[in-house]
Every structure is written in C-alpha cells, then in structure tokens.
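Next come two complexes, and both contain chain A; in the first it sits with chain B, in the second with chain C.
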Partner chain A sequence: MKGLRNLWAWALLTPPLAAAVVLFVVPLLYLFYISLHAASPSEIYGSTLTLENYTSVLSDGFYLGIIRRTIGTAAAILALCLFIGYPVAYFVALLPTRRRMIVLLLLLFPLMVSNVVRAYGWVALLGRRGVINTGLRDLGVIDLPLDLLYNTEAVVVGLMTILLPYMVITIANTLAALDRRYEEAAQALGAGPVRTFLHVTLPLSTPGIASGMLLVFLLTLSAYVTITLLGGPRSKLLVSMVYDSVVGFQWPRAAALAFILLAIALTLTGVILAVLRPNRVQGIGR
Partner chain B sequence: MSAAGPPQGAHSAPSGGLGAQQMRDADVRLDRVRKTFGAVIAVNDVTLDIERGTIFSLLGPSGCGKTTTLRLIAGFEQPSAGEVYIRGKRVTSIAPYRRDFSMVFQSYALFPHLSVAENVAFGLRMRRVPRAERGAAIKEALELVKLGALADRYPRQLSGGQQQRVALARAIVVKPAVLLLDEPLGALDKMLREEMQVELRDLQQRLGITAVFVTHDQEEALTLSDRVAVMRGGVIEQIGAPREIYDRPVSEFVAGFLGASNFLDGSVVAREGAIAVVATAGGHVRVVDAAATTPVGAKVRVAVRPERVRMSGPGGEGLHGKVRSIVYRGPVTHYYMDGVGGPLLAYAQNAGAADWAVGDEVRCAWDVEGAVVVAPERA
Partner chain C sequence: MSPAFSVGRAIRGSAVVVAFVLILAPILIVVVTAFSPTDYFQFPPPGFSLRWFVEFFRLDNMRNAFTLSLELALLSATIATVLGTLGALYLARRRGVVAGLLQSLFLAPLVFPTIILGLALLLLYKSLGVPVFPGLLLAHCVIGMPYCFRTVLASVQALDPALEEAGQSLGAGPLETFFLVTLPLIWQGVLSGWLFAFIVSFGELNTALFLSGPGLTTLPIEIFSYLQFQGSQLVIAAASTIQIVLIVLLVAGIERIVGMGRIIRSR
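Up next, the complex of A and B:
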C-alpha cells in the first residue's frame, strides 16, 4: 500500500524534477563554469581557468559600492513594505471572509498593469516636467525643478509600491488563518492588547512575514525595468551590471556577477529565516 | 459524594434566594445575564452563583449557551444585559485581561512557539512576577500535573493528554480567582478522560480553586462537580448537586439528558402527605411530591430511573411488563419491556439473582423515592 503510494508520488514528481534539473540546475552549473574563465574576444568564454572575474569585482570599489547600494535598497524596500504592509494586513485579516477576498483582489489589481507602464507613471509624476514639479512651480513654491527622479529614493518608492501587495497578501492570509484562541489564551493569562500582539500574534505570523519578506526581497534583487527607468545611470544596482556586462560581451564577468547576486540572495534569505524562525510555528497557526 | 469538599460540603440550599453569606463567598456571580447574537438569544437571563472552592459545571447539548456563558464570565463576549461579578467585583465592562481568571481551552491553545516551561511562564510574565520567583512556581505547577521532565519540549512534541496537562499547569500557575474550563477533556480518549477527571478533581481540591467547567458529557459533570447547571436554549433548566439533578430532575429534559428514564403519564388521584398517587395506564404509582405542586386531578408525567426498577414474577406487585429484549452489559443487564402504557426499561445488577428471559411476564416496582414528577417536554 505504502509502496504503491510512493510509486505514485515519484511518478508525479519525476517530470517536474527532470525539467528542473535539465532547465535550471544544468544551466546554472554551466553558468558557474563560464564564470571561472577569462573573457575572450571571439568566444563566449576564454580557455584559461581563473578566479579573476570574482576577485576583480570584489576588490573594485565601484562594484563594492553597487553591491552595497543593492543591499541597502533592498533593505529599505523590505523595511517599508513590512512596516506599511503589516498594519494593513492586520486589519484586512480582521474583515469577514467575503470582504477580505474583495480587498485582496483590489490589492492585486495594480499588479495587472505592466511594470513598464507603472514606471513611466512615476516618471510622469516625478520627472523635471512631471506633475509634482510643474504643480510646485505653478504655485510658486520652487523656481527650479527638483531632482525627484533618477536616484535611489525613486527606485525605492517605485519598487515598494509594486511589491507591497505581495507583503500584505501573504501576511493577511497567515493572520486570517490564525486561530483566535491563541490571542484569547494570552488575554486569559493577563496580556493586554499590546503584549498579546508582541508575544503571540507577531510570532505566530512569522511564516507570513518570512514569505512576504522573501518574495519582496527576491523580486527586488531581480527587478530590472523599474530600476533602469527610475534609477537612471546614477543609481544602478547589481542586476544592471549583469545586463551591462552581457551587452559588453563580458560573458564570464556577467556570470560571476550573477553568482554574486545569487550568493547575496541566499545569504539574506538565510538571515531572514534565522531571525524570524517561521519553522517554529509553520502550519500550526490554524 | 464530595466528602473531601472544602467548607461548604452540603448543597441543600435552594437555587433561588441567596443569603448574604453565599453572596460574599461567591467567586463568580451572574445576575440576569443575557447575550443575543442578532435575533438569536444565546443566553437568556441567566442568574447563578458559584461558591469559592467548588467545581461548577455548565452541562447541556451543543448550542445550549454553556460555552457562551463561560465566555461571558471570561469577558470574551459582552453581555447584552445583566452583570458579571468575579470575587464580588463587578467586571461586566472590564477587559478579559484585567479579570482575575485563567482558562483551559478545548483545543488547549498552547503557544506553539514557546516551550512547555515558557507556556507555563507566560501568565507569570504578563503579571510581572520577577524572574527569580517564576522558576519555582513553574516547577511546582509542572510537578502538580506530573510533567516536570518535559519542561523543555514544545507543544507539538507532546501527546494530547500531555498538552492537556500543560494547559492546566499554565492556567493554575497564576493562582486565578476562577479557573474556566471549556470542554477540556473533550479531545481525549475515554480511558485518558476518566483518568484526567479524577486528577482534575484531586488538583482542584488540593488547591481549593473555584472552577467553572463546560461539558456536554453528563457523566463527566456528575463525576467532577459540586454543582451542575443543566442548560437548554440559553436557559438554566435546573441547578443542583449532581445527586439532586440526577435523582430529582425537574423536567423530562433534565431527566433524559442525564441518563435513561421511564416516563409514565397519568393523573393524580389521591394524596397521602408528601406522596401523590398517580393513576397511569398500567396501574397506580406512588410519587414523592414534597412541594405538593400537583393537586388531585392534575395530569402529570412521572420519571423513574431504570436502575430503580425492581423486577419480580407475575405474582409480585407493580406495573405489568413483558420482556421484549435483553442487553447484557457485564455488571448490569438491561431489560426492555412492553408495559401496558408504553415501554419499560430496567437495569438489573448482575449479582447472581434470578434472570429473566425474553417473553417472560414480570412485574415492575420501585421505592417511592425512586419516582419523581417532571415537567413534560413541550411537544
């Protein structure tokens, strides 16, 4: 009986597993292989094995600055999404099921608009001849247009508005599934609203916080359109460098940068999971 | 029964008109409490007092309002009318966390992210007990429930029975004025449940805690309680000591909910002091009616517990019956009989006395105090 069920499980798992190995793991290994070679003017990569692609990036102040900016931007977006998203999620979760579903659908609605369109929306708002600058000048508040666009702040605001729904939806779903008896148990033991939240609700919602943070963080690292259109040439992030290297036919360097990006993603994922420890309550909250 | 019970061992006081003494000793008092959810009246003008150091059970079928009543005491529900008192203090409009109670939930609601010791420590932390004093209290509470060795485990690593004990330890460690228990043994299997009933009773008496216990299991209510309130449709049908509500049920519902009963319809034909003689289809039966609530001529329903019924041969006295089927249950045998006015049921102890066979003609009799007049079910 159990053997049969195992057989079924494997039968169902094998195709996607095989696809993942062929389409993801193998190319990744190949990419890593490329990253260990010198550049070549005619081929994708040269014949000499070298760590030069990694050492040059990690010892170059320019690249280190970009890595720092990438992590800083991601951290700012994460913090904003968490501090704005959690309270919203908390109140969404309190709504009756039907109304909660409607609100969550409304939150999803902006995601149906292309990121390119949304980025140009921000350009129309924040640009030198954008709505804000024109408005302020017409009101006589400013004489010269403000530089609202093409800086890290613009990237943070632009990405944050795109990614906030992911945070709200994951946290709201966790909170809505939470058994309210836990909060009542805390109150029965003398915990007021604030301490009930800090000691019970918040730790029990860590699975939602962790998924929300990981989604936002990983989508930030891989976002390109928004960064390019709102950050301009002065606020490039690591992804932009990967793109620039590819465009410059520096395939091995692009591969190395991709792996540095992957390492950052894995490390910070590990940090988020280690701090929140969602596994303590995973699947128990209901 | 509760021979080891603290101060008030006897429960002879009538459920109405409470004396000043009782008022002072009531740890929980509900005064005409009503709770409506939309058009539904979940709790309808419930008044009750729960004496210090006793276990009080709210017993009834699901939807009878027992859990809502408990949640009104806790403050998780706000009464639509009436007042709630804990230890003489009016708490009707006070938030749950400011009320002096703790609670054991049906699902236990142990905090999954905290270890056993941290779960037990929670109430002490919230009450700002210094860390130095917590350790000893936690240890003592865990030893009371025999879980001292599992302090560092997490709830998911424990069995249902162990989780139940942790929930109990977490609730008693804060030494609440009232311990509320919402079907705490409902999720345990029968053997474990009976074991926990005895332990719970033992623990409550040792600590002298006042406890309010919600259950739909009449055996559990009879085993554990000093007093029981039988609820239906948001109303308390009867409050009394277990023996009182079992032996002297006021209504057919109470009699039926607490166990099997024979119900005989008839009319009162004579009175002999505290005894009423009722003519039923099968013959005359005598019923205790000390309050003399049934005048001669009144139509009444009489309830007789099957274990009170004595069977004898056709020459004996009592109502006529013919054995239809027999169920052997080990210590007792259940005899289902056809009587003149309807079916009759008797539980006979298997003490080596005479047996009856299907088809036997018998007579059923009982001592006069075995029969009681009950309010019939509204059809």
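Up next, the complex of A and C:
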C-alpha cells in the first residue's frame, strides 16, 4: 500500500516538474551561460568566456540612458496607476457584493484581451488620423494634427491604462476583506476621516498595493509590443534593446541585456517590498 | 456629512469615471470601427458593413494566423491543464520547504518577464533544432500551466480530505479515488483553469514574438506586424474584434459554469 502511494505521488509530480525544469529552468540557465560568451559569426555564441557583454552595456552612455528611461517610465506608470487605482479600488470595495463582482468582471475582461488589441485602440485614439485629432480638427481647435503618438507620454498613458485593472483588482480585494471595525475604532477614538485613512486604512491595504505594484511593474518591463506601437523608434526601452539584438543576431548581447532587465526587475521588486513592508499586515487579503 | 467626507467621495467618483473611460474606450473604438464601410479609419464610422470581416477570412495570412492561434490555444490549454492538475494534486496537502519551493516554481512563469523566457526558449530551440509548431506549443504550455495549477490547487484545498480517505478505506486505489471522488468534486476548478489557459494562449505576445516562424504566425503577432509595417488597415480592427468576441463568449462560459466569484479570485 505504501509503495503504491509513493508511486502515485511520483506519477503526479514527475510530469509538471519535468515541464517546469526543461522548459523554464534549463532555458534560463542556458541563456545565462550564453550571456557569458563572446559573439560568434556562425554559431549562437563563441568559445571564449567573457563578461564583456555586461561591461560593454553598463559602460555605454547610450544603454545607461535607455536604462534610466526604462526606470523613469516604469516609475511614472506605477505612480499614475496607484493614484488613479486606489480611489477606484476604494469605491469598488464599498459596493455590495453582487455589484462589486460585476464591476470587477468589467475590469478583468480587458486584461484578457490581447495587449496588441488594446495598444491598437490607443493608436486609433492618438494617431494623426485618430479620434482625438479628427475631433479637435472638426471643432476648429487645430488645423494640423498633433503628434500625440510615438513619444514616452503615449507609452506611459497606454501602458498605465492597460495595466490599471491589475492595481484596482488587487487593492479592491484587500480592502473588501478589511475589517471595518478598525476604521470605526479609530473614529470612535477621535481621528478624523483623513487621519483614519492615513493611519489605519492605507497601512492595512499595503498587501494589495504591493502585489498590484509588482504586477504592474513586472509587466511594464516586458511589454515590448505596447512600447513599440505607442513609443515608436524614439522612445525605446530596455526590452526594445533585447529585441533589436535578437533581430541583429547578437545572441550573447541579447542574453546579457535580458539578464540586466531581470536584475532591474529583482532589485526594484526588493525596493517595493522593503518600502511597503506588506508582511506587517497579518491575516487579510493577499 | 462632513466636507472632508464629500471631497473624498468626489475624488473617488471622478477617479472611477476616468479609469473606466481610459480602460474601456480604446477597446470600444476598435470594435466600432471594425464595422466601418470606409477604406480608412474614420470615427465615428459613417455606416455599417461587414466587409472587413469578409476581408479577414479572405486574407490567407490572417486566416492561417487565426487557425494557428486556435490550435495552439486548444492544445496548450489541454496540456497545461493536465500538468497543472497533477502538480496541484501533488502539492495540495503537502507542507514544508520543498513543497514551498515547488509551488513557487510552478507559479513562477506568472510573474516572470515572459520576453526573457521567450528569448531563452528561442536559443534552446535553435541549438536543439526544435521545429516552430512544437516550440510555440511548449512555450504556451509553460505560460498557461500556472493558471491551471492555481485554480485547481484552490479547488483541491477546499475539498474535505475525509472524502478521499473514505474512498480509499472502501478499497479504491489512488486512480479510482481520483476519477470517482476527487475529479467530480474539483471539475469546476479544472475547467476554469483550462479556459484561463486558453485565453492566455490566445492573446500571448511575448514568447510568440520570438518563436513564430515563416508561415507560422499567431494572430496577435500577425496583428502586430500589420500595425508595424502596413499601417492601420481596418482589417486589424476586424481581427481584434474577433479576438474580443471570442473572449467575451469564454468569460460568459466561465461565468455560467463556475460563477463570477471564482473568476475574480483566481486573478
């Protein structure tokens, strides 16, 4: 009987574990291995071991500028998502259960639509023949179309709205699970609405804020298609450099850029968690 | 009602309106223009026509991309559901460091920057000589697996272990217990995991960007290259609308089968 149990456990674990190792862990280790090699004109990577792929990127002013722009853009998207998303989440959390479910479903549905479709929607809005430009021209406000597309602002606005539902949903779930008696207690002890919010509600919702921020941030870093369609050739971010290196068959360079991207992702994840300290809050939400 | 309280309400109210307009307007504009009779983008469209949908199915590359995306989504969702269910059954009642690590490993592709995974798979496939279709399929499986794993795990953990023990004490082996006791109780979780994996695969961009090959392009990548190289032709609006309609149908399906609560919790 015990032998059968063991066999059953192994039969359950082996297929998913094999898939995760072969299709996730091994490719990433191999990519790291490639990033440590010199380029080769005929093979994927050359035979010499080197750190040059990393040092050349990190000492090049062009790439450092791209890295700064990537972090700046991500920070702007995060800040906007938080400032618009939090009040919306608060509103959603206070709705009665059934209406809350309907609103959350309305927020969840756009997340299932492919990002390329949602980015196309923004191209249709902001383009030279787009909704905003034709609207303003018909109203007589402008004669020539405005260049609303192909700049960093378009990337920020587009990505922010594409990712906003993640922020709203995670914060709303935490707020809805929050015990209202904490707020009532604070008010009974004489705290006004602002003080109650800043000292009770906001700290208690940090788990939702943290997971929302991490989702938005990590998805921003790899949103190549949205960044390309809305930012054009002049607003490239680090992920665009990864893609350009692939198109140029510079495999070791692409691999190193991917790991620099990953290092930025891990560092800023650590910063977000250290600042928000979501683990302070016990027992509610995620 | 104190003034501070009503200011709070005003801020919340306007944030809600702004957020919903920003989130939904781009999608609505795409759907509306798909029915335009004009040659070029014009909003609002001056009439109603289905010509761009006809054009979508007449264009070989669009039709092929659509069928490829459907095939990939059906196959990868099925494989991902099997793998995710196995993993969830194994981990549902286990605690400890190893179980924790395994769970993180199974959930990792959910938050991992997929563009890096796409590049890593591309280079691995190149050195092993993996053809395009199986390569895409395997990538979509890895990306869909965490969704299935998570929904099934939640279902199994909500299950009373006494039911499975009763099955076993009555002489059922592990396989019989699974098919006669566990599966009938968790099938809603399994099915919603499958639908999630289908939706994720159907819209997947970041790995398909690297792994699509000549003649084998998924629908999202075909839309992307049209937008990049052929400008804003309205056949893209039709392609996008087909994508949106399919997702609306699937979400309605999940809602009928398992209810809204589970869809929202599983994100």
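Rule of thumb we're sticking to: the second predicted complex is superposed on the first by the 259 of 286 C-alpha atoms of A that agree within 3 Å, B and C clash if a C-alpha of one lies under 4 Å from a C-alpha of the other, contacts with A are read in each partner's own complex, and residues count from 1 in each chain.
Definition applied: a residue touches a chain if its C-beta (ideal position, glycine included) is under 8 Å from a C-beta of that chain, and two chains touch if they have at least 3 such contacts.
Predicted model only: the values in this text are computed from it and were never measured.
In the superposition on chain A, contact is made by A:W251 with chain C only, not with chain B. Of the two partner chains placed by the overlay, chain B and chain C both lie in contact with A:G192.
Shared-chain residue A:I260: touches no atom of chain B or chain C. Of the two partner chains, chain C is the only one touched by A:V168; chain B is not. Legend: residue contacts after superposition of the two complexes on their common chain; A:V155 is shown touching neither chain B nor chain C. With both structures placed on the common chain, the touch criterion links A:T134 to chain C but leaves chain B unconnected. When the two complexes are overlaid on their common chain A, residue A:L107 makes contact with chain C while staying clear of chain B. Contacts of A:V123 after superposition on the shared chain: chain C is touched, whereas chain B is not. Residue by residue along chain A, chain B and chain C are tallied for touches, and C comes out ahead.
In the overlay built on the shared chain, the residue A:D179 is in contact with chain B alone; chain C does not reach it.
With the contact threshold set out at the top, residues 192 of chain A are in contact with chain B in one structure and with chain C in the other.
Those residues of chain B that touch chain A in the shared complex are 74, 76, 95-97, 101-103, 105, 107, 109-113, 122-123, 126-127, 154, 156, 170-171, 174, 180.
Considering their complex, residues 179, 181-182, 184-192, 195-196, 199-200, 203-204, 206, 277, 280-281, 284-285 of chain A touch chain B.
If you check the complex, the residues on chain C that touch chain A are 2, 4-5, 8, 11-13, 15-16, 18-20, 22-27, 29-30, 33, 40-43, 82-84, 86-87, 89-90, 102, 105-106, 108-109, 111-117, 119-124, 126-127, 138-139, 141-142, 145, 149, 173-175, 199, 202-206, 209-210, 220-221, 223-224, 227-228, 232, 236-237, 240, 243-244, 247-248, 250-251, 255, 260-261, 263-265, 267. Residues 4-5, 8-9, 11-13, 15-17, 19-20, 23-28, 30-31, 34, 44, 84-85, 87-88, 90-91, 101-102, 104-125, 127, 129-131, 134, 157, 160-161, 164-166, 168-169, 173, 192-194, 197, 214-215, 218, 221-222, 224-225, 228-229, 239, 242-243, 246, 251, 254-255, 258-259, 261-262, 265 of chain A are the ones that touch chain C when the two sit in their complex.
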